[in-house]
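Labels run A, B, C and D following the written order; every chain starts at residue 1.
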Amino acid sequence: MGQELKVRYAQVRQRSLELVAPLQPEDVCLQGMADASPPKWHLGHTTWFFEQFVLRSPVSPEAWGFLFNSYYDSVGARHPRPQRGLLSRPALAEVLAWRQRLDRALLSLLEQLEPGDPRLELVELGLQHEQQHQELLLMDLLDGFSRNPLEPEYGPEPEAAYQASVTQEPTWLQHEGGLVEIGHPGGSFHFDNEAPRHRQWLEPFALSSRLVSNGEFAAFIADGGYKRPELWMSEGWAVVQARGWRGPRYWRDGDEFSLAGRQPRRPELPVRHLSWFEADAYARWAGARLPGEAEWELLAPQLDQAFGVLWQWSASPYRPYPGFAPAAGAVGEYNGKFMSSQMVLRGSCFLTPPDHERLTYRNFYPPASRWLAAGLRLARDGG
Amino acid sequence: MGQELKVRYAQVRQRSLELVAPLQPEDVCLQGMADASPPKWHLGHTTWFFEQFVLRSPVSPEAWGFLFNSYYDSVGARHPRPQRGLLSRPALAEVLAWRQRLDRALLSLLEQLEPGDPRLELVELGLQHEQQHQELLLMDLLDGFSRNPLEPEYGPEPEAAYQASVTQEPTWLQHEGGLVEIGHPGGSFHFDNEAPRHRQWLEPFALSSRLVSNGEFAAFIADGGYKRPELWMSEGWAVVQARGWRGPRYWRDGDEFSLAGRQPRRPELPVRHLSWFEADAYARWAGARLPGEAEWELLAPQLDQAFGVLWQWSASPYRPYPGFAPAAGAVGEYNGKFMSSQMVLRGSCFLTPPDHERLTYRNFYPPASRWLAAGLRLARDGG
Amino acid sequence: MGQELKVRYAQVRQRSLELVAPLQPEDVCLQGMADASPPKWHLGHTTWFFEQFVLRSPVSPEAWGFLFNSYYDSVGARHPRPQRGLLSRPALAEVLAWRQRLDRALLSLLEQLEPGDPRLELVELGLQHEQQHQELLLMDLLDGFSRNPLEPEYGPEPEAAYQASVTQEPTWLQHEGGLVEIGHPGGSFHFDNEAPRHRQWLEPFALSSRLVSNGEFAAFIADGGYKRPELWMSEGWAVVQARGWRGPRYWRDGDEFSLAGRQPRRPELPVRHLSWFEADAYARWAGARLPGEAEWELLAPQLDQAFGVLWQWSASPYRPYPGFAPAAGAVGEYNGKFMSSQMVLRGSCFLTPPDHERLTYRNFYPPASRWLAAGLRLARDGG
Amino acid sequence: MGQELKVRYAQVRQRSLELVAPLQPEDVCLQGMADASPPKWHLGHTTWFFEQFVLRSPVSPEAWGFLFNSYYDSVGARHPRPQRGLLSRPALAEVLAWRQRLDRALLSLLEQLEPGDPRLELVELGLQHEQQHQELLLMDLLDGFSRNPLEPEYGPEPEAAYQASVTQEPTWLQHEGGLVEIGHPGGSFHFDNEAPRHRQWLEPFALSSRLVSNGEFAAFIADGGYKRPELWMSEGWAVVQARGWRGPRYWRDGDEFSLAGRQPRRPELPVRHLSWFEADAYARWAGARLPGEAEWELLAPQLDQAFGVLWQWSASPYRPYPGFAPAAGAVGEYNGKFMSSQMVLRGSCFLTPPDHERLTYRNFYPPASRWLAAGLRLARDGG
């Protein structure tokens, strides 16, 4: 194994520890809802991933595999997700000690691996996986803190990107369509769901140069956006009624709740923490639509705020590309089995580790999800 | 208005009455679940559709509009769907009298309409709508009867097509793919969701000449099909666990429950009443996949059992075609607002009125739905 | 068997048929909620009771016992209560035919019974049971109709008693307390829960001569009765919040919904269809309390509106009397197993068959129930 | 204020801190279910009680009153109980600092109080209240730990009483009944629900000299106790089915989960952690019944294991004594508003602080509750 991978391994693993450093002890067990996980669980699960798929001989006590498996049916039963917040034990200190044991054992194993050993690719997968969880850890924490009337503050928002992404006057970037290619060409790391690269026919279209802003979204609300069923998918309208949505998830009067606590809402920043249903309704109200994921992938290099600001809801359901084959073995459960009833998001967000973004990256969430750092970009027909 | 439309109007409306003729009085109020509606409600709702969108001046008592609106938000509030079975009043006799009043008023109005009057198109839409509900009425009734331990019998299955569709040895029909066109070309009746006709790029593929049979599906079950999570979408597997699915909805030991009551299950007939999740899992087990809706549309003229047997689950999420525009006015709610979290079915089924099928027809249901008369056909990559 | 019992049998059974005579066919299958049952089910269940416990050899088709058992675990499994409304079959005509078969078989059996045969007592129990269901049938029907926006009308309220019970200025009837006896002394029909007659010590108390009126209850509401938690049991207050209670169940603006349809509410009539929680809160607001069941039983002969108007919530949880022993056999499930988390009501109501009331009668319902015809009478400490 | 009260105040408050000393930091936020509360919340709520009702001028930050109010409607809104586990903030250190501030302020206030000041009684109420929560804290913690597959251990069971309470061969202690008096006579601290002392008539009865043992309860299970509906209240049987009860809550194979972790179950120890429904069913199976609370109170001085071992379910619903008046002001919500749908328990348990037990003490829980340290003692009719 190359020195480069070792360094990267150390950096990625270290970053997880840095993320929990500002927390109070009780925070590490906080699970605000069934969809989210406590910080300590993220630390354990990412460690379990290496132990299970790379090391393959446990350095954790018996039963910890049961606790920290997320959704891999093929490697055994698991603790119910909604109850992760009840795991006050193992205590954080024990989890951290396990991380150290695992790191030592893994680095030692890797010393012995020949180039081409499939476990090398699984190490990289494990690092990408941990980076995904670093982003999730913060989004989950925000959800948890948002349920506390004291409006706790984690710290300054971790990356400057979001706060710096002041929106300019938007322009439309055009594409003539035709027979195009999207998807990852291979030759470097990518998730299985980004492949194979394949052809697709597109009609002419245009994308907005930037994301929709808080100020623009406020105009949608002022125009009755949350009260007009004709703007919504039927399923979305039912959710609006059932949950009493009246604005993006973390808007509070004129403020916004964030990892930096409650802050005045700045109209010029991109609107965030809305569901696909809200993004779709806004686009309809604006006389536009959401971008198809192929459209986005083709124009992204020319767009502002494509990466590092907010995930961007696409118009595309999450389904396999033509010729898609899941990765072999248990890691084949990583992506493929989620390809129903979810929508694709593209780009990356201000919580995404900087080296964890890719033009062909396909993120995905159910259309009613709001706790992720998602925004929207408009599209329209015609070149 | 032409004599032809008058005749057709009379025929379609008459057929609804024939469908309820074999029922006991209490049956007309039977609603087995929130997704289904009682027969009497179907009779009322289809009448309301003409009254609301064509006649536009009520011949029904006040408040009936509230009771018989299905999901049209733009024309006002409505009675909650799960409680339709609680509407023992208006009694059937009153609903039938209303149908007669409406028919008279509508035929009288139509006498006066000039060719080209938009209400003529709405009459046709109303008839197509009533035909959809004729099919639904029987599927909903089957659901309701299935919850009765006495296993009631409606009568012989309404159309011979299903019982006659004995499966032959299947063959693969191939298509070289390329730039193709699908969707309705216009010039005759179609739902808005079938348009516009548009181009799409397809890779080479093949479709099975016929539907999967009961016997084949039994082999899937015998091979542990309902016990192997690796065959399922994650969402589907959760449904299998939560609802305890062990086979298609109406299989009972070696028999099958149907509108003809409990009957021995014939292995050579197409398997029916399964969800998209089950269809998808079966295809994965068989080393195949479900057809994309474009694939199906291109090859349908060459397929056996394409129409009149069972709706066929496709691999395609229900989303708008490029350039889709919903119909103007309240009938724009007919299709467009359901384009999330549902899957497309193609073809038609043995309960579909014979003149109500179309190559470009896009039916759609949530992926866990099983009460519709759906089956599956296999597809694979490569010409 | 005496001629008298035969006559009584015929009368009681006949009355059930008269109760359903005014109904539309669909009404007989109407079940508004899980706690209520459709009229047809009541007709079937009361018949099943005689078949199961007296005749003991079925004259009904197989599986009907499963459908019409209510809660007798010791005689076998049963159809789930919340799904009784889904039993469109057996059709009413079949149930009525069964009633006739059963009546013939039962009368024939009874011809042969010697005096003292325990089945004679079970016939009487079956008749009392059917009378209870006659009352229930109408209360359940009112619940079902209340869910229909058309506000259907069953007919004039069945008995004149309620409408005639105009409230007079109340007085307090006093009792000096001491060592008293309550409960049924035996020697004639009574339910097992009314026995044994036993001693109890009471402190001096007084009861109001009449029931609380609509007008008085309106004053409670006007004084913020439903908005002041200090007036309520904690459990009741939670129910008020969760269900949004703002008044008695069938109050609609200035009107009241009843078996006679929507009618102007008369302030001088006793308030009805309220839960124990509401009765208890009203009493606290009025500076009084509810009567203990012993208190009620002692003074009832001197009270107005004790019988035939409304059931009266007592302050007494439904528990066994000292020395209580349930009846032998399956009919021991009749009362005893419900002696937790319910409150006793005393008297009878305007829907109770006139010969079905008794000084020692103990009716019981959970404290949040409102669909029964219940009102309240005040009590206070001190003779 | 006397020196004695100061000393007692310091001791009681100190004990709360000792109880959380063995915990890991994450444990203090653990809430296993909606009925339970996290240890940190108990520490905060008991402090809030003194601040709100005695000090009456906050030494806590704004909004903490909202967080730590339990159920006192008359002093304002409160944080939803099921979400107490989501309050990772305020951190434990902040809560402990608040406790110190409050203690100082309170002791300072008390220096100035004249004898007879009603706040002196409220201090005593606050101490009794904190003692109740000390017991609750441990029962809640056991519930939380029981949901962790690692089966965490809190430490040796806090008091030796339970482990020392080996059961002897039971005898029946008899009482001839008659006109008796129960309830607190006044003159020293008691909760409002224990008064007034009042007369009651009892028939002759007998109580078992000791509690039912694990071994005896195992015989009930072996005899089909959890499978025979005739032994159960109807409501209890529904709970048994719905929750899949097959034994007392913490029985695990031949072991028992406890604050000492998983331990072999000792047949000679009293059975614990069962609901009223289970206690009632066991008594019926044993041909006995549960004691009325008056019966218990009369014979308790002669019973073994009356105090300090397990709370004992009585046959008595929790209702006010004749002449009961709740305490004035907000503390009137302490007991009175819970007097519906709960059952009385008598005695005390091994987690009860030793100076917190009283002959007339009325504890109360809903009949399906199992997380409290409750056992049962048999009673029977006849002296």
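Keep in mind that, in the parts below, a residue touches a chain if its C-beta (ideal position, glycine included) is under 8 Å from a C-beta of that chain, and two chains touch if they have at least 3 such contacts.
Because the structure is a prediction, the values reported are computed rather than measured.
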Chain whose mean Cα position lies farthest from subunit B: D
Numbering shared by both copies at the subunit C-subunit B contact, with half separating same from different: same
Rounded Å distance, subunit B centre to subunit D centre (Cα mean): 58
Separation of subunit B from subunit C, taking each centre as the mean of its C-alpha atoms, in whole Å: 46
Length of the line joining the C-alpha centres of subunit C and subunit D, rounded to whole Å: 36
Contact pairs between chains, per stated definition: A-B, A-D, B-C, C-D
Residues of subunit D that touch subunit A when the two form their complex: 24-30, 32, 40, 63, 66-67, 79, 83, 85-92, 144-145, 147-150, 152
Contact footprint of subunit B on subunit A as seen in their complex: 71, 73-74, 179, 198-201, 203, 229-230, 232-237, 276-277, 280, 315-317, 319, 322-323, 332-333, 337-341, 367, 381
